[in-house]
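Quick heads-up: structures coming right below.
Next come two complexes built around subunit A: one with subunit B, the other with subunit C.
Up next, the complex of A and B:
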């Protein structure tokens, strides 16, 4: 039904979005790639000579890189395990009939809407502070010594904070998926005497498989870029104990002003994210055809 | 479909769910409560839950000391501005892709999505330098530009999934009746598209309001929205719990309420239609 005329109009309507996104992608990306081959430090003005892969060699051989890579994987993996397992549990629970579903659901999803800097600071000061935090009070009541979370277990503490922020997302998506489950199937299983556990294992969990994959992939994209939570709680420390790849690149670029090394790190981060992105894109693309 | 459930099971479900929900919500509740305490009450041992002299002084102090309202307005301008501009650019694109799909439509959509997968830190250096050289650092307009671009793919995608649900038959019927393109858009499409556009607007304002990578890296005292302003409480002001809480409560309250209204859209928008 589309005529030649409407085709041309359509192209004209799509053009601004495409051109803007193309510029947004190609210009900075090209610059990052170019800078990554230069010896370029903002504190040392002058010629920025081409040095080939020197920045990459420097960045990749820096022990901090390995640490930050491991931290990144622990952060992403830890949060994924907590939010997916917790999200499945909460989705199964909230799918049950109960009184006050609306209010329960509002309370559960709320943390997702709290800006990262607020949730990080609230947890850091009002909960994890070893003197005045609520956890210190709980420790006092239990008669155990107060634990300085962000000093003694910085990465684990950040995993906790980030999990609190993302648990609602996983729950909400898995709950939405759960509600599309045909209830007749469950009823039939129940009548045939299937236990609650086997109904969960053989009917609900397989039904959720696709939604779980989506949650894992989307969260991974966002979790690879966790930044604000680290900046306001630990500044990547103590030492580099809670530095992830994003924070390391930020530190190289904007704290040490080493544009060359920072850019090489940026390219490494892009490659890592792309590995995940390819899988996610495939899933979403399949859905588009359906 | 609602299965008959015994009252006992209902009570157990309710009890467990409420306990968990309150635990999850507790940090927010605690922040709101603390914002109405004096600094001394805020760190009282044992902690005081409700029985304290409620005060508004923290809200006043936060405003007086740091011109809180300015940062609040920065957040409003940046999130609403970037969303409106984004919609302006994205509505025609999504409309065209939904109603005049060509061979390349799917590829264009997937490509747009792929730009969203780019980790921001990968382009931090060039963007910082461009901003520095063009005087955009710490300006509202600079952040509006960046947030428009990073959220444009989500806006196009959300609108596309909504527009695609508008039945094309109606448009064809209107065309048969001699409706031109403009009246088609004005009288038929617009009313049907408004709910989708409204949801997209809502979700995108939420995302832009809470964006905390570019806002932290590209602003300082002048254009800092609340995300960046609150970060300045990391130390030592953060130890003044009541003031931190007041500043935080005002920063999250409007978006929390908007978020409650957009639960469904959130799923659709953030999974790019993969889960509905």
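Up next, the complex of A and C:
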């Protein structure tokens, strides 16, 4: 029914929202790009001369950059591994018929509803605190010295916190996928002599491939920009042990007031995110084709 | 070998008894069809034999050994499912080889057996395709291929043709019959289609509400239905069943006459009525005749050249030795 006329009208009508969204995206991006080529420090007001790639050279040659890049990849990779493996495990368990399924499922999903700052603070103060935390109490009961998670293993602790937040998401998607598996396929496999383990490996896991891809892609987008959890727990420290790219950009622009270098860092982060995205699509994107 | 015996086998879902205790023996090499209206428990019975459902009571023996508590894989049976249940992410070759792989067979032997099965089923050209790229009939053959490579004691078919179109169904029916002739393996086939039952079976088991109504060869069931249910279920179009005075003339509560055993006569006859619908099939013509005093129209078969029309009056005379008589309880009177 889409005639030439109605198509033109449709374009005309969606134009405002498209233009708004484009402006919303392009103006900050353009400004970031522009700032990244200026010497622009809020502590030194005055002229902001154009300096070419000086900010980039400064940002990329900073040893913190390499550390934060590695931290970013460790954070993303670690959380992905924990949530996908854990999510598959939980999905398998929750797929079993059991008493109180509804309540258990809601409880499993609930960490996703807690905002990142709150959950990070809960972990920091109620669990990982070396004096008052639950883990410290357990250590005391067992008679071993308390472990100061956020000081001694800052990045691993943050990976743990973020995994706790994202595990429900992975579980939810994978459980839905699991439930869409045709039960006759499992029965056929059972008749064919497949053990429970083989059924999982040869039937269920391949069936989950597409859902796993979706989980990995969506989570990667969000995990590359983890910030709140670091800000409220370790502040990127000790030193730069738990600084990721997002946090480094924040530190440059809002702790050192160097807008120019912060912007350059932002652009670098965009480029790196795209590289990661391309790699991901190459590796697992084919799973999305029907 | 594939002799399957059921002794007092029973199935309950909670308090609901789906299958009351029943006995049945399936001889080695037989093609047995379970037939009945939907919900009669025929699929459940098949799943009990397969081991996909646990029996609530009774004993299942396969070749004399107790199989009641064996898991499905250990019973030596292979099943073809209604939805085919192919593994969508595996190629046809891997699908067919899957049971062999699970049995731990080495790669060389696997390849040999899959090739042989593919040859039997005309699948050689499709071995590298995925199930999603195949037509319904080809998928059906892959499902059968996956069953035959295991060389099972018996094949179980759960309404395997219900997802195919009419023409393909006739073709696959022949292929399965041929396969049975060639393999001589026991086959148990579940269907609600009495035509499939009549054409394929060595032995038909008619089920209603979990009860076995009659067991026998297709021709037995056609000639000597044990009760009104079997009489009405076997044969197409359905047998004409008449009660009341006309039946008591034959010392029965009900009499049944098949459409093909009614003669159209010039006058007289037992029934007279007007033709309501005539179905011309070319070789045959079926007339539906509204007979005054009967609730349901009678069906009569005539040759293809008989040209009666809507509203014509006809007289029908049943062939005297082809009248089936039933008593008050619907049971056949000798």
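Keep this in mind: the second predicted complex is superposed on the first by the 273 of 290 C-alpha atoms of A that agree within 3 Å, B and C clash if a C-alpha of one lies under 4 Å from a C-alpha of the other, contacts with A are read in each partner's own complex, and residues count from 1 in each chain.
Basically, a contact is a pair of C-beta atoms (placed from the backbone, for glycine too) under 8 Å apart; a residue touches a chain by one contact, two chains touch by 3 or more.
It should be emphasised that the depicted structure is a prediction, and the values quoted were computed from it without experimental measurement.
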Review point. Subunit B versus subunit C on the shared subunit A, clash or fit?
Key: fit
Check your understanding: Counting only touches as set out at the top, which of subunit B and subunit C does A:179 meet: first, second, both, neither?
Key -> neither
Review point. Taking the superposition as given, does A:187 touch the first partner, subunit B, the second, subunit C, both, or neither?
Key: both
Exercise for review: Determine, under the contact definition given at the top, whether A:274 touches first (subunit B), second (subunit C), both, or neither.
Suggested key: first
Check your understanding: For A:203, is the partner it touches subunit B (first), subunit C (second), both, or none of the two (neither)?
Key -> second
Study note, to complete from the structure: Check: subunit B-subunit A-subunit C angle from CA centres, nearest 10 degrees, reads 80
Check your understanding: What's your read, subunit B or subunit C touching more residues of subunit A?
Key -> B
**Study point:** Partner chain in contact with A:152 - subunit B first, subunit C second, else both or neither
**Key:** neither
Review point. Least CA distance subunit B-subunit C after superposition, rounded to whole Å?
Key: 6
Check your understanding: Across the two complexes, what residues of subunit A are contacted by subunit B and by subunit C?
Key -> 187
Check your understanding: Given the complex with subunit B, which residues does subunit A contribute to the contact?
Key -> 1-2, 6-7, 9-11, 13-14, 16-18, 20-21, 24-25, 27-29, 31-32, 35, 90, 93-94, 96-100, 103-119, 121-127, 129, 132, 134, 137, 140, 164, 167-169, 172-173, 176-177, 180, 183, 187, 210-211, 214, 218, 221, 224-225, 227-228, 231-233, 245-246, 249-250, 253-254, 259, 262-263, 265-267, 269-270, 272-274, 276-277, 280-281, 283-285, 287-289
Exercise for review: Note which residues of subunit A are touching subunit C in the complex, please.
Suggested key: 182, 184-185, 187-195, 198, 202-203, 206-207, 209
Study note, to complete from the structure: Per the touch rule, the subunit C residues reaching subunit A in their complex are 50, 52, 71-73, 77-79, 81-83, 85-90, 98-99, 102-103, 146, 150
Exercise for review: Write out the stretch or stretches of subunit B touching subunit A in their complex.
Suggested key: 1-3, 5, 9-10, 13-14, 16-18, 20-22, 24-25, 27-28, 30-31, 34, 43, 45-47, 89-90, 92-93, 95-97, 99-102, 106, 108-110, 112-130, 149, 152-153, 156, 172, 181, 206, 209-210, 212-213, 216-217, 226-228, 230-231, 233-234, 238-239, 241, 244-245, 248, 251-252, 255-256, 258-260, 263-264, 266-267, 270-276
